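Consider the two complexes below, in which chain A is the common component and chain B and chain C are the respective partners.
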Partner chain A sequence: MTDDAAPHISFATRHRKVLLGGFSVAIFFIAWQATFLFVPFNPLFISKPNLILDSFVEMLFSGDLLHDLAVSGVPFLYGFTAAVVVGVSVGVVMGWRVRVGYALDPLMTVFYASPLVALAPLVIVFFGVGVSGKAIIIFLLSVFPFIFNTAAGVRAIDRLLINVVRSMGGTEKDLYLKVIVPGVLPYIVAGARIAVGRGLIGILVGEFFAASEGIGYAIARFGDLFALDKMFACILAIMIIAVVLTEGIRWAERAAFPWRIGQ
Partner chain B sequence: MSESHALKADIAADDDLVTPGRTGWQRFESTLYGAGSIVVLLLVWEIVPHLITISAGTKLFFTTPSQIGGTLWTMFATGTIWKPLGVSASGFSLGLVLAIAVGLPLGVLIGRSRTLNAMFDPFITAFNATPRLVFLPLLMLWFGLGLGSKVVIVFIGALFPILINTYEGVRNTDRVLVNVVRSFGASEWDVARLVVVPNAMPYIIAGLRLAIGRAVLGVVVAEFFGSESGLGVMMVQAAGRYQVAVVFAGLIVFAALSLAMTALVQILENRLSRWRPQHAGNE
Partner chain C sequence: MSAYIQGRNVNLTFRPPNRRPVRALQNFDIDVNEGEFLSIVGPSGCGKSTFLNVLLGLAKPDSGDIMLGGKRIEGPGTDRAMVFQEFGLLPWRTVQSNVELGLELKGVATETRREVSQRLIEMVGLVGFETHYPHELSGGMKQRVGLARALATDPDVLLMDEPFAALDAQTRDLMQVELLRIWQEAKKTVLFVTHQIDEAIYLSDRVMVMTKRPGQAKKIFAIDLPRPRDYEMRVTREFNDLKLEIWNELKDEITSR
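Now for the complex of A and B:
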């Protein structure tokens, strides 16, 4: 925001954005709740905020929600870690070796542009409905942001900086710690932000298909059971996690790489 | 501004694929390597079953590029592809058109009004971070197993890239231009029509490109879980019957759909930005 918050400006003006945002969220939920004072409430079709909150709290304290989240978290962790490792290594090579970049760029673009989610039924049939199948779907979806962003980061490193470090007698270690890692890391973290969203899609697709537990399975099952309050509670949980992850990474970016702001 | 970050990162993910300023030889070299690697991959894939013996169990899951090509050819020659493709394409286009019809005006509105921006921001941040797929079971309850739920899932998938990019483009409009038009007595509608939207066009186009990807994704998942017909349904059924070539053929058709739409947007972009002075020198 461009407006400077000078000290003499009133509290309401200074926090206008947050206040207005909170106000509209409150209005939204109040309107949702109040609608059913006038409209007949059909629990098989829609739920009410107070019922959703009750289910959320109940599932949180009974441990069901945490159990499902933990079950989904394991393949996410495996798939995402593999995506980081593979994506960053491939990206570094693609960015560093010009000809490797030429060779892999179109191929990777084709993969990135095609809806790889479409391979999910095949992956599930091949690897089963357990951890490995889900982890592979998550890996497939989240590896490409890492590849492209790492390659872009390596390409964006100023060759002059490398020469300066070398001229000043810097070792390879200095080169990596002072130039390459600080240069590439912001790109990788930005890639991670995109990859998190795709990884979450991977979990949901994997578990909607075939699973016996997990948060995606819970949403699908509560939908089948017409337990809409519980279904909304699970959706709420996913929303909270997604926002915390994306905004958390964004916050970490701002804190760790302040020189990147505004770029 | 949190949205601007998302926008730039998203654009970067697409646009960094093009490295500018290559000489003739470099361009030739890059094409050679690029095409070469794809050809090599296809060849290796094709001859693997001839080199090593694949066990009968694995063979069920294995296919070759020639089989996939043959399947595609048969599907188009016999015309079996048209019906599912038509179902998928109608869901895709209806959802995308709706997303543009809502996202564009809403983006302009919240870009022009600080109050509206502050009020919509929490919702946009929350829905944009959440994979819209979580709403699929709910949408299936509300809209049934047909076109309805598919259109809605495509719509909510494609809405946010368009909305956020339009907003961002509107925010970056030159204040001077707005003030000039206003001084000449323009209404808010005129400002939007004459200054804001034309200026935001590159952002909107970039958002549209992202939206196409999201829309294809929406069609695929909607058909996987809650449809009776369409390409996605065809693929799930094929995977269940171990017809791997059909799954890959479907993937290729989806990819082609998304590439064709992206090319269309590119043409649109060239047409719409013809008046831009800095654009004349490029390309």
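Now for the complex of A and C:
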């Protein structure tokens, strides 16, 4: 390697992305906190960062928070796993078979674009408030990004690359392993990033309507009790999870698909 | 005795959905001897790439016979390899891994693959870029990866679709010399498509001029310049006479639209 020596750049320049991003997050919370120096604070209507943080730490150490998260995590795992399996399978067929794609695209678009959470009460009537009801809501919300992204990935496969592998004596299996899977995988992972956010909405909404435990239930109950510090602490927990999951996937994408960086 | 590669009355029409059919090859005839270096020149869109794809076994002609070593070409085979006009590198593979693709598909052991790819990467001047991805390469570099990849499996027949078009003039000269060396040492049969008449004359035993689309063999020129060829030949009287003759044949196809 004959890489040129990296020119000297300052710490601030090198980490400006993280620094600038962190800066606006900090400003947001400081502004929130500072507002109540000028505006009278009414704990029945709003909370402020220091109180939220106190509640968050308290609930974390009492184990309540982790319990609720675990209760919600189980249906999330089921629903999300089902969404991956079904979404990728349907997406492959829709992308590969042009006519199936034409036939299903409008219908799927309707489902994807519409606020499916509106169906949550119905799902709960059919399947109850247990794991299955919640898992189905999560599935319904997170399956469509997988379908659409997988189909787009399959459609984006370059015919020339298929021909290259075939011309070198590649078998059907080689086509899958060396062209189709590596071509589609990044699309699926990008779909997962969108699906995580939608799945989290699913769990919250499912538990808002009817549940006896879980993080969504906790948020709804603390809201009803005007325990806004605790309610916001639960929301904070969900936000942290959402950020960790989506950023984690983004990080994994960069690590696993270095060749996509330039695209 | 019939030729090593023999095409008779090859016809191929593309029928894209919702578009007018495009007739790419019409009654195309060709004879190539074993170990011969044959170049094909012809106007853009006349069917040169299409014909190479037929030889490679990727495109099926509508009618006509196309034989290789006495056997009808039914599909791809590892006796042939193509340097693709659009490179066709797998974006998720590094330079090295792209060069080794054919060997991998053949089930060659990793160690042998490494040896072969390293030798070819050296030959095409890409040492230091083994772990780079295609998007990190210039057009000329990508083209050289494609060249190394085709050579890696040591095919009997090398199909080269404007393999040096993206190279700068100096690299092109070097690659021409390397190609002639490999061709002479390994006794390969080469079909070489180019738009550069100089290049065609310099490299070939014969140069075929094709008509405009639908492509037909128009005229074949035997290049009787002695081998080994050297750079100075390009300024000889003989060379330039040939160049003019071929250009005159080609010119009519390009201007008579």
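As a working rule, the second predicted complex is superposed on the first by the 220 of 263 C-alpha atoms of A that agree within 3 Å, B and C clash if a C-alpha of one lies under 4 Å from a C-alpha of the other, contacts with A are read in each partner's own complex, and residues count from 1 in each chain.
Assume contacts are C-beta pairs under 8 Å (C-beta built on N, C-alpha and C of every residue); 3 or more make two chains touch, one makes a residue touch a chain.
It should be emphasised that the depicted structure is a prediction, and the values quoted were computed from it without experimental measurement.
Student: A:R14 in the overlay: touching chain B, chain C, both, or neither? Say first, second, both or neither.
Tutor: Touch partners of A:R14: none, neither chain B nor chain C.
Student: Looking at the overlay, does A:P182 come into contact with chain B only (first), chain C only (second), both, or neither?
Tutor: In the superposed model, A:P182 contacts chain C only, not chain B.
Student: Report for A:D174: first if it touches chain B alone, second if chain C alone, otherwise both or neither.
Tutor: The answer is second: A:D174 touches chain C but not chain B.
Student: Have a look at where A:N149 lands relative to chain B and chain C in the superposition and call it first, second, both or neither.
Tutor: A:N149: touches chain B, not chain C.
Student: I'd like to know which partner A:P258 touches here: chain B for first, chain C for second, both or neither.
Tutor: In the superposed model, A:P258 contacts chain C only, not chain B.
Student: Which holds for A:R166: it touches chain B only (first), chain C only (second), both, or neither?
Tutor: The answer is second: A:R166 touches chain C but not chain B.
Student: After lining up the shared chain so the two structures overlap, which partner does A:L200 touch, if you call chain B first and chain C second: first, second, both or neither?
Tutor: It touches chain B, and chain C stays clear.
Student: Counting only touches as set out at the top, which of chain B and chain C does A:H67 meet: first, second, both, neither?
Tutor: Neither chain B nor chain C is touched by A:H67.
Student: Between chain B and chain C, which one contacts more residues of chain A in the superposed model?
Tutor: Chain A has more residues touched by B than by the other partner.
Student: Between chain B and chain C, which residues of chain A are contacted by each of them?
Tutor: Common to the two interfaces on chain A: residues 1, 263.
Student: Quick one: in the complex, what on chain B touches chain A?
Tutor: The contact residues of chain B facing chain A are 1-2, 5-6, 8-10, 12-13, 16-17, 19, 29-30, 32-38, 41, 61, 114-115, 117-123, 125-126, 129-131, 133-138, 140-142, 213, 216-217, 220-221, 224-225, 232, 235-236, 239-240, 242, 244, 247, 250-252, 254-255, 258-259, 262.
Student: Write out the stretch or stretches of chain C touching chain A in their complex.
Tutor: 53, 56-58, 76-78, 80-82, 84, 86, 88, 90-93, 101-102, 105-106, 128, 133-136, 153
Student: Within the complex, which stretch of chain A touches chain B?
Tutor: Those in contact with chain B are residues 1, 16-25, 28, 45, 99, 102-107, 109-110, 113-122, 124-126, 145, 148-149, 151-152, 155, 190-191, 193-194, 197, 200-201, 204-205, 208-209, 219-220, 222-224, 226, 228, 231-232, 234-235, 238-239, 242-243, 245-247, 250, 253, 263.
Student: For a test of understanding, state which residues of chain A touch chain C in their complex under the given definition.
Tutor: 1-2, 158, 160-161, 163-170, 174, 178-179, 182-183, 257-259, 261-263
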